[in-house]
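Okay, here's the structure, questions in a sec.
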Amino acid sequence: MNVQTERIFLNELPLRYEAVRARSIALAEPLSEEDCCAQSMPDASPVKWHLAHTTWFFETFVLERFEPNFQPHHPAFRVLFNSYYNGIGDKHARAQRGLLTRPPFADVLSYRRDVDARIMTLLAHPFADYAYTELNNLLELGLQHEQQHQELMMTDVLHLLSCNPLKPAYAETPRLVAKPAAEMEWLSFDGGVVQIGHDDQEFCFDNEMPVHRQFLEPYALASRLVTNREYLNFVESGAYENPIVWLSEGWDWVQTQQWMRPLYWQRNDDAWQVFTLHGLQALNLDAAVTQISYFEADAYARWAGARLPTEAEWENAAIQSLNATDNPTDSMQFFGHCWQWTSSSYSPYPGYVTAAGALGEYNGKFMSNQYVLRGSSCVTPDGHSRTTYRNFFPATARWQFSGIRLAR
Amino acid sequence: MNVQTERIFLNELPLRYEAVRARSIALAEPLSEEDCCAQSMPDASPVKWHLAHTTWFFETFVLERFEPNFQPHHPAFRVLFNSYYNGIGDKHARAQRGLLTRPPFADVLSYRRDVDARIMTLLAHPFADYAYTELNNLLELGLQHEQQHQELMMTDVLHLLSCNPLKPAYAETPRLVAKPAAEMEWLSFDGGVVQIGHDDQEFCFDNEMPVHRQFLEPYALASRLVTNREYLNFVESGAYENPIVWLSEGWDWVQTQQWMRPLYWQRNDDAWQVFTLHGLQALNLDAAVTQISYFEADAYARWAGARLPTEAEWENAAIQSLNATDNPTDSMQFFGHCWQWTSSSYSPYPGYVTAAGALGEYNGKFMSNQYVLRGSSCVTPDGHSRTTYRNFFPATARWQFSGIRLAR
Amino acid sequence: MNVQTERIFLNELPLRYEAVRARSIALAEPLSEEDCCAQSMPDASPVKWHLAHTTWFFETFVLERFEPNFQPHHPAFRVLFNSYYNGIGDKHARAQRGLLTRPPFADVLSYRRDVDARIMTLLAHPFADYAYTELNNLLELGLQHEQQHQELMMTDVLHLLSCNPLKPAYAETPRLVAKPAAEMEWLSFDGGVVQIGHDDQEFCFDNEMPVHRQFLEPYALASRLVTNREYLNFVESGAYENPIVWLSEGWDWVQTQQWMRPLYWQRNDDAWQVFTLHGLQALNLDAAVTQISYFEADAYARWAGARLPTEAEWENAAIQSLNATDNPTDSMQFFGHCWQWTSSSYSPYPGYVTAAGALGEYNGKFMSNQYVLRGSSCVTPDGHSRTTYRNFFPATARWQFSGIRLAR
Amino acid sequence: MNVQTERIFLNELPLRYEAVRARSIALAEPLSEEDCCAQSMPDASPVKWHLAHTTWFFETFVLERFEPNFQPHHPAFRVLFNSYYNGIGDKHARAQRGLLTRPPFADVLSYRRDVDARIMTLLAHPFADYAYTELNNLLELGLQHEQQHQELMMTDVLHLLSCNPLKPAYAETPRLVAKPAAEMEWLSFDGGVVQIGHDDQEFCFDNEMPVHRQFLEPYALASRLVTNREYLNFVESGAYENPIVWLSEGWDWVQTQQWMRPLYWQRNDDAWQVFTLHGLQALNLDAAVTQISYFEADAYARWAGARLPTEAEWENAAIQSLNATDNPTDSMQFFGHCWQWTSSSYSPYPGYVTAAGALGEYNGKFMSNQYVLRGSSCVTPDGHSRTTYRNFFPATARWQFSGIRLAR
């Protein structure tokens, strides 16, 4: 986060701030206050909580740091909307976020408006150069953080609505008809010592740094993502009843959780359907399979005689492909469809250093028993993806737009 | 439920129906839609669910039985708002009632209005005598059922608000200052063969029938309920750390659930407070202790060198006391303060017969591992209490207005 | 336990003591040290633990009380072999009894011999009259206690062996062929005020006292126990898939525990078998069904259009039947086949007083959420049954020799 | 496992087979049959089960493959002693291994003798060259497998005995007094592209292959293991109450499992003691800390301003150090003290291929959510360690001889 001042034009930041913040509100637009308050499982959070927590982030890490005579908007919010920062103090129990019917939705909107106004006041103020840099860096971190929560708002709402027997749609707009999937090809990449990670010339999260070297053996990556059609073959082959294709721990989950198909698939009479933000839809066989756990991705790869890529293989391939003149359109589907499980456990890069203070808890403390996903999904905000981005979830997580790219 | 037609004046029933139904809506008045949707634990239900379920009851057991060409208001509601009637079909999972952000609150109000209108149409219709009786009986059962849920709405909302660190009040009206508690006396009652249960001349639930005889040894009952002051002595004596006063199972709960005081009590600095429907209040030492589990009531009685009454002892005493000319004011606090745990396991009276069909599931199937409470509480609707009424909860239940009357 | 000295002839007590103690050892004879150490579930205990605990009982409640300069056999045993007496101090965790590979089996035998020798020394000693009475009462309680554990040794071993895929037999002796079951008849009993409980003229447990009166409506009891043939009809009628015949809580257990038949029944090809102390045997259709939970007994009774008796009904009928001159042979199967679930929750009799000190924990503290069983079973020691005896288990317990007698 | 025939001298194999097999029996020598049957937690297995399972391994993967007219020793053993090989068929539930009081200990010894005799017969037989190679490879795998279980027998017995309040010792021999720990120094290693993994010229497990290249940045390793003295400083600094030094998931375990010190440490009066195979001992402050989870190792490293090494860093350093002429004595404590947690998630090496058939389940299916440990411990059999060896356990595992080497 040593972003240089000269890279951020101060007169652009207020507009960017307002645009990102407004998008969160827009995402909540199709939802009722009831929808925004409910929590469908401990892993997911209510939309209202997301709206408040992202505001808490600006209040805690920007206003409290820079505002003269800082006073919190509401003392209790410091605890209610703290997600996991032990350095800040107590936190409301994660599994009980859905019980926060108070503050009411309107008060959370007021909270947002108050913090937004105070941020604008701050930006209108003359600062020392050093402070500008730090302010800009923290604001940018806050906006990137808010964008992460925008994606979570969508995956969490989808999960909530999926639990409702009425199967309500978040948005009525019908999905575009997908084109037939291209033939899958194997694209070869040279190995050798490659450069991995972010050079910190523009914004990135601390877990993408530092740039370092890794040695890769030559490898090949699939030219596109695994489709629903291909995954359906896996399902219909009886894979969910065959321990041989699963990791031991994955097979335990298949049995105890009675996994039999992707999370949102269901079979009605003779047709496969999938629950989406647009309601229950016929399964589009040409689209990328999503809402897949690591265990399912790994099992599919084994069943298909392939494997998942490492995150270094993915990053190296994405950089090479997107730099090639003949691929300005991401024909390889690196971005915008679904996050792609890698076989890499989420761990610190060599030389990784966490930030000082409570912000040091942003990423580093989660580096155990999770797997890295690369790319971005259909609900990732524009501008919030890059080749070095490291998303991460436990191997059992199924409620994200997460899918499969094969390697060998 | 063999209520005689002549006892119900048909021109009174519509007014009574409207009054009871309107009261449910009035109880929800101080709450937001968010408040009405949340579920704080599997044992409690959202207010919106209560409003819908009581409507479902009329729709299922009255309209479907009597309405020509009956069509359900919404086919899915048959499942969503079925509480526990296996005879009706599938039920929405109890622990997931808080995820029903749809149907929205407004749709549940529409559901109520639709069913109410159809009930009114039904009542305006000429019926055969036999049908009149059955209709009246079912309507009365539906109204009594709704009153039960009115009480649960209050206890469930209290629990939900108690989980909120903001400690919001349901109603702002300050509570009346309680009078000093009267001196506790022991009132003696002769035993012998006494008559227990309801004679079915007016409405009662099936579990109050039939009238039968029991033999009681002579006994004494406390002239009033145990007060907060008395229970505080128990707490401060270290009773929650002393296994000797507890039932074995109760002691397990004390330890695993870390019970240390009544559910809504808390100690702030040097003062005891209690969370109520009016928010956090100073503990009124003269009021009856409430939100007490059976295990706590039993332990208190043992600690005090007494015991809990059986339900027959309670009923016999209540009948005698209320019939006495010198006690028209319930100076013994049988009603209107809190439900009073008895030592009687909830079991069928000799000769008990369940109703035919799904309504037979109303009471009988819960007759195991629960204890009978007698009386009524501060949130029991007017007219919904009588000496033969049998309320029942598991020995661990603490979120009701349940307290203690001693016997020996 | 106010047993009078004159009832116990002191020269008989040593013989009786030795006989009861020897029987425990004899029961362990067919088992290996490994068999005696394992614990198959928290509810069951290892045989070695039973042998040690019954010895601990004599050491703690007799030797420590009467022996001059009492020293414990081993200080750690005070904790290791304390079952549930909080008044004595710490207890080894119940679920971890199977981890006590030390003390070795031989040391437990030494423990028994040491305590037995010291008890004999005590009995050879002259005492004051008052002390004689107390000593005799405590010794008798210890012997009755040991007989209770002799039954548990058998039910716990049966459960352990049932968990072993090799299905080993405890004893090879083949079971006697059962006679065809007699036709079931309904025997009528007058009601009225009857006397219930034990008059304390001979040994009884405190929970059988005091004698008191109860009012019974006229009732009828089945002339014999429900047979395997009858229960098989219930199973094959689909009762385990039909919620209507079950208590609500019972139906939850059926579903979550996947109950489909009695605990030790299994179907091999076309034949029903049952696992017994003699290994896997063809199901004897004429024998009484056993290893039945309260929930199953209750459901069977409902399915059969009958109900379970109350414990007072059972006791009154047993006394009348056994007193009748024409029934010296217990043709009604009150004793020696299986314990018989009653519909009575286990609660104190009117006027019940627990003993002072830790022995007060023997019975009273378990009087919640359990049901009374009456009679005795095929593994109850001779002389350890009587009409007033109150056995008790939770409604879900299935590993006892517990069966069904119908009432109406 | 493509071990060449010429490397194994057939006349040596029978002797080696007998020596390894005899050592398992010798390890059980100090234990009673009861000790050998009990299972203290699902992760651990009874000694008797280890003795049977290692025999099952030879029977299933050697005898069944090579013996003409193979007949199993006992058909049920195929299921009882299968650990986790789905390809072989059913398995006895892992958590119920302690209930297998049958077959008795003596029968397991017979099982061992029978299989041993049949293996010897097989080795005396002339084979085709190809078959010799395969037979030798499978026998060697079986012996290495048995050595792994010899270590587990010790860690599992230690855990079982630690659960016994009598704190019995496995072996009475007093431990040698440890020398004062040397000063800890940082030893630097060049990075660059290094070779990792086993070249398959001698026996190794499949997870150590293939040899491949990795790029390492320059790094430093501690010259010795973290001592009890150093770890005690960590404990006494309040680290178990300070979330900042823990991974998020580790902190959850600290709180929910109430971790406050290493698994077998306890504080008696003013002295720290540790439970060992020799019973309760004074904590040797100069010895390496053991019985540490990954979460504790990681937290310690963070607290100490260092980190854990990757497995490649460890392997590269071990090879360089042990090859240096001045270090023939492993002064760096790579082997023989405790397994050393690395920061590397257990995952397949590039190009890893599992064996065909059920043996393919040996290692590969466990490659998720576990961490690699390197080195060997004080209970690892002689000859069963090497620089490329990959041990692995979940991050929460504490019952192994696992400790900490720092890196930076």
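Letters are used for the chains, namely A, B, C and D, taken in the order the chains are written, and counting of residues starts over at 1 for each.
Simple rule for what comes next: a residue touches a chain if its C-beta (ideal position, glycine included) is under 8 Å from a C-beta of that chain, and two chains touch if they have at least 3 such contacts.
It should be emphasised that the depicted structure is a prediction, and the values quoted were computed from it without experimental measurement.
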For subunit D, the least number of touch steps when starting out from subunit B: 2
Most widely separated chain from subunit C, with each centre as the mean of CA atoms: A
Averaged-CA centre spacing for the pair subunit D and subunit A, given as whole angstrom: 38
Inter-chain centre distance, subunit C versus subunit D - centres from mean C-alpha coordinates, in Å: 46
Overlap residues in subunit C, where contacts from two or more other chains coincide: none
Complete list of chain pairs which touch one another: A-B, A-D, B-C, C-D
Touch list for subunit C against partner subunit D, complex: 32-38, 40, 48, 76, 79-80, 92, 96, 98-105, 160-161, 163-166, 168
Touching residues (chain side subunit A, partner subunit D) in the complex: 84, 86-87, 193, 212-215, 217, 243-244, 246-251, 294-295, 298, 307, 343-345, 347-348, 350-351, 361, 365-369, 395
